[in-house]
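Common to both upcoming complexes is subunit A, partnered first by subunit B, then by subunit C.
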Partner chain A sequence: MNRQVENPIIEIHDLSVAYERKPVLWDVDLSLPEGQLIGIIGPNGAGKSTLLKAIMGLLPLNSGYIQINGKPLEEMRHKISYVPQRESVDWDFPTSVYEVVMMGRYGQLGLFKRPKKADKDIVMDSLRKVGMEEFKDRQISQLSGGQQQRVFLARALAQQADIYFMDEPFAGVDAATEKAIIKLLGEMSAQNKTVIVVHHDLQSVAKYFDWIILLNMRLVASGPINEAFTPELLQETYGGKLTLLTEISDLIQKHRFPNRE
Partner chain B sequence: MWENALSFFDFDDANVIYVSLGTIILGAGAAVVGAFTFFRKKALIGDAIAHAILPGVCLAFILSGTKNYFLLITGAFFTGWLSIIAVDYIVKKSKIKEDTAIGLILSVFFGVGIMLLTYIQQSGNAAQTGLDSFLFGKAASMLVQDVIVFSVISIIVMIMIFLFYKELKLITYDKDFAQSVGLPVKWIEFLLSSLTVLAVVTGIQAVGVVLMAALLITPTAAAKYWSGSLSIILILAAAIGGFSGVSGAFISYIAPNMPTGPWVVMVLSAFAIISIMFAPRKGYISRLWQQLKNRRQIQDENILKAFHQIAESENSFDESKSIEKLREKRYYTIRLMKRILVRLKRNGYLKRSKEGYYLSDYGQRKAARLVKLHRLWELYLTEYLRIAPDHVHEDADTIEHLITPELEKKLEEKLGYPEVDPHNSKIPYD
Partner chain C sequence: MSDFYIILTGTLVAIACGILGCFLILRKMAMVGDAISHAILPGIVMAFLWSGSRDSVTMLLGAGTLGVLTTIIIEFLHKKGQLQTDASIGVTFTWLFALGVILISAFTGQVDLDQECVLYGEIAYVPLDTIILSSGRDIGPKALYLIGSVLIFVILFVSIGFKQLEITSFDPEYAVALGISATLWNYLLMAFVSFTTVASFESVGAILVVAFLIAPAATAYLISKKLKTMILLTCLIGFISAILGYYLAVALNASIAGAMATVCGLIFAIVFTYIRIMSKKVTKVTNLESAKA
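== the complex of A and B ==
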């Protein structure tokens, strides 16, 4: 099932992505509605993070295009905000919580400019929203996993965007952080922000999201939770990889074949 | 030699002033750029660049036939960059990992460089003398004009780092995020690589090709022991790099036969070793001290607990306990036991009587709390982790020293203020 929407906030057309020639996403077509909490669900290696990164232009595409609010990504960069996987950075990097959150302002600041009072206020406000205000001068190397995740969330909030991309924000966090994230998601949704979350835990899918994308190297389903979150579709998503697809991917990599003629 | 040393500090020789200032600037510039390669975990790429510069310098000399610095630097810049591109290309297009690719490129370029250098030296060109100073550096013999050229380049490098500090910091910490906010990541990486090549080209004047990596990496490796803020680390690294640079120049001034580079590296290493040993919190001594404090805390608390346990079994809470009795409970040597008892008395936990020691009110409360924590943790392990009661004692013996009052409260609430532990010993509450 693949429900198309009118005036989509994000439209993906025939998207294919490969890592070192090995295809990991095949011909994904989908459109997403504005102001919803959207979950990307699928097994390990299904291409969930790849889809997220491809939408944000962090990976070269083999084919297809992406439009955000009907415009190309480059025009909409200031409207999007990104929460990478926690493990993707070195938490021993010498910097403080405050400085990491300030990085959320860099996109708007532009080259050579130093943060202004308004930026500092936004940073403090973002820290307050995730309950990390009192940790603002803390070295990031001294944070717990949940605190690290909240710092990343605060940095995304400081971007003051309309569309949020979050890569596994619930992975390995404590109960307090999980609650803080859910509360934030609720607030964002109330302000008509669109939030797209890569998610692992099937138990909580129905509770958190309005809309889900089921993914396993190709799109299995995209639609409102009550239509797409069905046992049949989950079976299709998780019922093992399509062996043929995997074998072809391996072949393409091995023979250094072009993905497109 | 000492006359040389004194005349160095007189600074009446204009050349000495220039060389001193110059080596400070070169050292600082290399250290600042090196900090970013360090934190990007690409420290070795500086080594590849340094070695790859040699063939560039030699080629420029062969083609022009003169020691024109502008041409030599251009040649150096060219092959330096070529080595970066070559390493990137190998990593991208083959299954060879980055460290191997760096090793390959470094030795190939350096081999070609040495070959060209030998050719030049045998060609008998009168202008070639001094080219081999690229190998080990010879700061003291730099001419005023050279110093000015290299210092200006180095200053430009530092200004660029200052201007792009924000962007460099972001791509170093989180490249994907930098790209997602629309920073020109490729362009900034290109800039940083170019700055690294330039810093290496200039730094080589102070330490030479072979030891250049040390000038890039060591200042930051030392500085990061003293601060957790990137900007302060950069300033410290610049200071360490500058000071080491000028020390090398000083040494080769007072002893003209000494090569500069190795001495610069000696000074740098001294900074690194001092930092590793003596830095507060992160330094070795500081950690050793922390361990010693932990050990003492554990010993003290074990003995306090022993007081409580003995009193509990004999119902003799207000009576003194002898050292022998305590040693039955916790077998420490007599000397150690005496030291612990004296320490506990000094801190007000114990009082002394003719028969031995007894707990003060304060000590009694502390001892009871430790016993309580031990037994609560045993109970927690058996009830929540389903560990057999005969396995939990050792764990609890460690954990009891760590539990904070907040955790203590949580533990009590979670377990519902239990009366006894898994071995049916009574849990003491205040």
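== the complex of A and C ==
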């Protein structure tokens, strides 16, 4: 299933991406609604991160094109924010929490401008939102995994964008951080921001997202959670992986009788 | 006066190389600095053969071109050729350096441009080659003006592009997502490494250039919590190495460039040992505390 939307915030046409001539994404075609929490779901190596990076123009495309709000990416760059995987950087880099979050302002500052009071306020505000205010002067090598993730989130918030791309923000974080992230995602979606999250854990999909993209090299489904999160489509996404299949059937049961306190 | 000129030249080279070296280390490209400092040799020779003069500007252009070319070849072999970074660095710079050696021995036998001078330089001769104005006034060594102006450009480059250099070193992919070209800043940095290397060549030689590019910055990295502190400490360590190195060379009646590089290494060793001892003490204290509790 592939639900197309009117006035999509992101539109992807016939997108194919290959590494070393080996296709990673094949003919992906979809459109996404504004102001929703969108999850990208699929097995390892399904091209989830690749899809995210391709939309942001971080990878060369083999075919297809992408439009953000009906415009090419380059015109919309300042509306887009990115939370990369935590492991993508060296946390021994000599810098503080505050300075990393300030990097979120660099796109707007350009070459010659230095951070002004307004930028500093935005940085402090972003730190407050992720509960990292009192750690602002800490060297980043002295953070826990969850704190690192929050710093990356604060940096993305400091960009004050409309669309947020997050690559596995829940991977390896503590329960407190997970809660903080969820709360933040809720607030962002209430402000009509669009958040697109690469997600690994099937258990929490139905709880977190409004819309999901099921991906396994090809697009399996894209649609509202209640239409796309079905046993048939999940089986199609995860293929014949038996252990996963039983897990999925468990999940579907949970999904039918949601356990909401 | 010649003591002063030698130490000043050494210090200026140390600072120019050190500032760039900080970024090389943070980008895990320390060996690229080494590669560039060798691979620019054919660029220098070709610039010389083409222009027929040892004019500094021509040399800078030749070296700069080769420096950027080296970076491009290394990136190409690594990304498209599926070769590990260290292997692509090794292949590229040995080949280019050897090409330079052949060019020198085959075509420039008659002139004063030899491998020896390129490798070891001779900082002791710096005060001898001075600029004399038409009025007959001696305004100081030529090498000093050359490295001095390169240092000014390096400082301008790093202070204007500090944010961009910082973010493309820390998280290049995020920088690209913000619209800051990681490739452009990488090549700019490498071009500056090439210019600085060649400007320092004549006076201090390739070996001291490599030492100044990496050792002070590596020492500062061990003890810095912020990038700005790291850069300032690197400059300080470079300055100390130049002074101590000079007097060590005088005391031993040995090569000045060699002594300066040795002092760089010694300072690194001292700081490294100090940190190891301190971190052991800290773990002991925490162990004691946890034992008490």
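Some observations on this one:
Keep in mind that, in the parts below, the second predicted complex is superposed on the first by the 239 of 261 C-alpha atoms of A that agree within 3 Å, B and C clash if a C-alpha of one lies under 4 Å from a C-alpha of the other, contacts with A are read in each partner's own complex, and residues count from 1 in each chain.
Here is the rule we use: contacts are C-beta pairs under 8 Å (C-beta built on N, C-alpha and C of every residue); 3 or more make two chains touch, one makes a residue touch a chain.
None of these values were measured; they are calculated from a predicted model.
Overlay on subunit A: subunit B and subunit C clash in the combined arrangement. In the superposition on chain A, contact of A:65 is made with neither subunit B nor subunit C.
Contacts of A:88 after superposition on the shared chain: both subunit B and subunit C are touched. With both structures placed on the common chain, the touch criterion links A:111 to subunit B and to subunit C. In the superposed pair of complexes, A:139 makes contact with subunit B and with subunit C alike.
Once both structures are placed on chain A, subunit A residues 53, 56-58, 77-78, 80, 82, 84, 88-90, 93-96, 100, 103, 106-107, 109, 111-112, 139, 155, 159 are touched by subunit B and, in the other complex, by subunit C.
Only residues 20, 53, 56-58, 77-78, 80-82, 84, 88-90, 93-96, 99-100, 103, 106-107, 109, 111-112, 139, 155, 159 of subunit A touch subunit C when the two sit together in their complex.
Interface residues of subunit B, counted against subunit A in their complex, comprise 39, 41, 163-164, 166-167, 169-170, 172-174, 176-183, 224, 227-230, 233. Residue ranges on subunit A touching subunit B, taken from their complex, read 53, 56-58, 74, 77-78, 80, 82, 84, 88-90, 93-96, 100, 103-104, 106-107, 109, 111-112, 114, 139, 141, 155, 159, 165. Listing the residues of subunit C that touch subunit A in their complex gives 26, 28, 82, 160-161, 163-164, 166-167, 169-171, 173-180, 221, 224-227, 229-230.
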